[in-house]
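One chain, chain A, links the two complexes that follow: it is found with chain B in the first and with chain C in the second.
Right, the complex of A and B next:
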């Protein structure tokens, strides 16, 4: 493998550290690999609600749930650098050929990096969005968090078959062609009289809808 | 046309909306959630008869790393309220999802802060509960116990918020977060000034003040809820403080105690254009009208017009033209001055002292 193949993508890396920091604050760590990808996916599809840039505007609809190879790559590098620590490593119960790891943020190493990232005004907004999402995500039972992501409006869109690409912001307009955003906005229609929902309320109500679907 | 709502139907959204309680804590910062969790825990411990001693809660943003040295002292179920909380220094996260007791002698009141500092946690947000009397008294050190001037009261018991109590809270907010540009930076707040020396405010300063103030109110009034209205185009921001009560017939009701209309007074726009002198009295008058209308709309008991004065001159007469109407409508008028530099603030303090000395002489 050449050095180029391991080239770091700082944009993805910084978002990964922010994702992990938000999960840490909300007490959702150590987090299994699948749940981390589920959280990252929800952050992407819900990002227009906060007017922050999504890390990725599309995803492969895989039967195992959302997964980002760019994020996975940076996760490996961040573990190597000591920014993220592995808490446990065991065979994946659903696929014994794979190893299932749980992770947590190494606060000592990551804090100075986070301070730099969050000192940028746009990134401070990303951090507040991810905190809000992490607190909502924490309400979903630990075993159901990856299921909840698959209950998402864009992911569960029946017109997109498994193995196809879900585009929620790459070639479609994020605030029009993204079913997740559209559903979150629809909560206003059912809000109590005189109440204008703010974005945090819409976000929480949306994640609770996913929780309701995942918990059955 | 592609399915606009993807795999979720409108009827499902409606059902979910009707089923779930209104998300009152949505938008709360990790620090606010931390204080609210502690408040709930204190209420449970109060019911179970706990009192006596001191308890300190430290909020970590990376608990697993910070607690590595204290693994033996882990209380996974502390938030349930079955464990005694006093006479311990607890290290936890915003949701109290388990807590670690530090090795600190809480019998030595004077040494508690020094021990926390020695453990390397002097910068973590801290809630200190003094439970030596019948009622627990809470104080939040939002920047940690190393910065003692950033402290505010935390009220664990429910009581209706009086005018003087609210004024005290808002004065504290002004003193710790707004009074000078330096304070704004220390408060980690979004900048309220584009250029404080020139007197140019940031774009829509009311919204920025609102965002910071809501955190301050939530941290103090832990038995109340605080909600912000969506922004409007008038340069006026609203906050409502309410509580969930039970009526005499047992019905669950929402008691709205205060609506606050926030208004920033500036003599320049964010891009440096001068604001016409007549615009300020008109804006204040409009703020009063909004306060009255908002109180009626919300069925709230009381209303206050809170003006944050960013003008060059510290002019307390800005309410003169509405005082009578405000008194008749029972709307409280409050104003705080935002100095453009720390030197200006010190000069004003010195002048105040000199005037006081002259008056006393």
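Right, the complex of A and C next:
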């Protein structure tokens, strides 16, 4: 079969750069491939909390954790363009059939791109959401970050078997059919009388819940 | 937990079909644990004997076919002369007795075969015995000993789990039947209430729809009457014509909605195929990249990880990720430099170029294999993507069509409203009276819909409890099924918990109902393929998937030992699978105290020897109810008895296939 170029998706690439920038600010880089996908997944399921459009509305429930092919392609292209750099490349100790790479944002090349992206009003809101999420994500121990994503309410929904699709916003409504969003909203019920939780607090509480579950 | 029935003994007396050994007029079967066979030729009454056991236990009733029903009774009477008409004397003096264990209770029931009425029944429990005289009491005792809340659920357990007879209802292929079984087994205390609310929803919905139909007729009649009065203008004719058009548009809308629902299922399946394809391609790519990395480790010595990665991607995907364009020639050149132990960047000879042994041939072969696998996955994903895109496009067109039809219908309705305002006032008054009737009916429709919605809210909570209970046992059921299915099927088979969404009435809300479905590999498609209907598998696969599902539920959801009774398990099997089926039955119930009773023809091959493989040849005869010796002979048997008897002996002595 003759190779054809990847279908480039600027929407995905700009979100990827934003994801990497947020991780950079929170000090979570260089980030391993699995953790990057875990972070991107959490950003997707929690995006309705910020009324931000999710990059993808569904994911294949796989034993190895969440993974997005679209994001992986754009990651490759961003590396090729010098926007993202690889810090280390070695065989994955957890899976002998895979390579384990860690990534960081190439500030010099990515900064002008990022400035352009964040100058758009809706994308500025995305950036603030991702920053909140990245700081919460940074609290989880490095070896437990992909485990934390698998503790997520949408991911661990027992009515969805491994090998099937978790749909949190593709064929279902982003808010109604998304267990993650519903759980995050539930925190308000446990707040003391007169205290109104804002979305950043709900997000932090939710990620801390995942952290507690992942840390055991 | 539920106590499934464990059949321990059967005695048939004075029934012409089974004269017994030496015409003793008694056929007696004592069943211990493990596999048991009822052997016979066609017409000797193998199936009848199993049916007799079923009717002894449940009585002359069955449940209606699975599915949401209104407030009518789930139990239906069956012909109680079924056995009487099989013999010349009407089974006047014939009776059959069966002993069944249900947890710590032992039920002994004897029925007259002339009409299946209870002759004698007694239930023994550790705390004492109870004589049963009426069918009503018998049902109550059986229900209580089984551990369910209603007798209908006992009959479902008997027909959907314990007895796999000729006229069986499929379980694994029927989401509605699965719901009824899980409702009975996992939330026995809620089962009757769930059924009551289901009936209320269906009835209220049906009444509301009937009233809507009446409303529609009255509205049409009103419009026609208005047209008849028309003399001067064509206003009313236009109203009637528009109403007719709305009617046609409504029918079209229903058709499109149905088509969309069907297409949605296809689209969901294809999306899954794409996501799995992406995952498999990703795995294959990673695997190849890893091998490449190993192969090129030395060639990349001194190159920074980012650049290494760029080269790796070029070599594995044949694409330059810097410019995102195909890079076949560059990739070939790098590969060539690497193979010739030159620097992959500039092509100059390197220090290690003398040592060509550093990359093993085995590694190259592995890399070539991995690349081949990668290529296959690319092609598969490309096909899956095309199918998914086609479904999406088709769905988009249908949705557009639906919007158009709805818009047209809305426009027509609006036109009618405008035209009515133009009618003369006196006629408007007459029409106004008709409108009042229509308004009353509309209120009735609303009232029944509210009734349905109230029942829907109540059933929602109960269904949630059932869902949680099913999710609790989900993994247990899936693993047990997969463990049993793996040695039997040549294909990869997987049971997957996949709740189905359905409406209880034709209108109203959708609910989630617990259900399992099967995924199976196929020669015709790649990857695991969801089989939702029996038509998607072969006859033997259809039967054995259902049998294994029943075995699984009996083992995982029951409290104690149980019986599984199967009619004609050998019918759909070829020579190889006959042996595998025998192994399946030999393994089932091993060491658990349960038993399995199989009625089959006298067939050569591995089925019988493999089923009885745990028993030495000399005792296998004791595991067989040989109807050649105990049933009324057919003409074929009269003529060929010695031959058949010899065949039975040969089959029982034959070594199992390994």
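In the analysis below, the second predicted complex is superposed on the first by the 211 of 216 C-alpha atoms of A that agree within 3 Å, B and C clash if a C-alpha of one lies under 4 Å from a C-alpha of the other, contacts with A are read in each partner's own complex, and residues count from 1 in each chain.
What we mean here is this: a contact is a pair of C-beta atoms (placed from the backbone, for glycine too) under 8 Å apart; a residue touches a chain by one contact, two chains touch by 3 or more.
In this text the structure is predicted, and so the values were computed from the model without any measurement.
Trainee: Now for A:158: first (chain B), second (chain C), both, or neither, which partner does it touch?
Mentor: So A:158 meets both chain B and chain C here.
Trainee: Looking at the overlay, does A:203 come into contact with chain B only (first), chain C only (second), both, or neither?
Mentor: A:203 contacts chain B only, not chain C.
Trainee: Looking at the overlay, what does A:62 touch: chain B (first), chain C (second), both, or neither?
Mentor: second
Trainee: Once the shared chain is lined up, is A:80 touching chain B (first), chain C (second), both, or neither of them?
Mentor: Second partner only, chain C.
Trainee: Of the two partner chains, chain B (first) and chain C (second), which one does A:97 touch, if any: first, second, both, or neither?
Mentor: In the superposed model, A:97 contacts chain C only, not chain B.
Trainee: Given the superposition on chain A, which partner contacts more residues in chain A: chain B or chain C?
Mentor: For chain A, the partner with the higher number of touched residues is B.
Trainee: Scan A:182 for contacts with chain B and chain C and give back first, second, both or neither.
Mentor: First partner only, chain B.
Trainee: For A:21, using the defined touch cut-off, is the partner it touches chain B, chain C, both, or neither? Pick first, second, both or neither.
Mentor: A:21 sits against chain B, while chain C stays out of touch.
Trainee: Which of the two partners, first being chain B and second being chain C, lies in contact with A:108: first, second, both, or neither?
Mentor: first
Trainee: Show me the chain A residues, by the header's touch rule, that chain B contacts in one structure and chain C contacts in the other.
Mentor: In the superposed arrangement, which is not itself an observed complex, chain A uses residues 85, 87, 158-159 for both chain B and chain C.
Trainee: If you look only at chain C, which of its residues touch chain A in the complex?
Mentor: Interface residues on the chain C side: 264, 268, 271-272, 275-276, 278-279, 281-283, 286-287, 289-290, 293-294, 304-306, 308-310, 312-313, 317-328, 375, 378-379, 467, 471, 474, 478, 494, 496-499, 512, 519, 528.
Trainee: If you look only at chain B, which of its residues touch chain A in the complex?
Mentor: Going through chain B, the ones touching chain A are 2-8, 10, 12-14, 16-20, 22-23, 26-27, 29-30, 33, 60-66, 93-95, 97-98, 228-230, 297.
Trainee: Touching chain C in the complex: which residues of chain A?
Mentor: Of all residues in chain A, those touching chain C are 1-6, 8, 58-60, 62, 67, 69, 72, 76-77, 79-82, 85-89, 91-92, 96-99, 101, 158-159, 161, 163-165, 170-171.
Trainee: What residues on chain A touch chain B, complex-wise?
Mentor: Going by the criterion above, the answer is residues 21, 24-27, 29-30, 85, 87, 104-108, 110-111, 128, 131-132, 135, 138, 151-159, 177, 179-180, 182-183, 186-187, 189-192, 194-196, 198, 200-201, 203-205, 208-209, 212-213.
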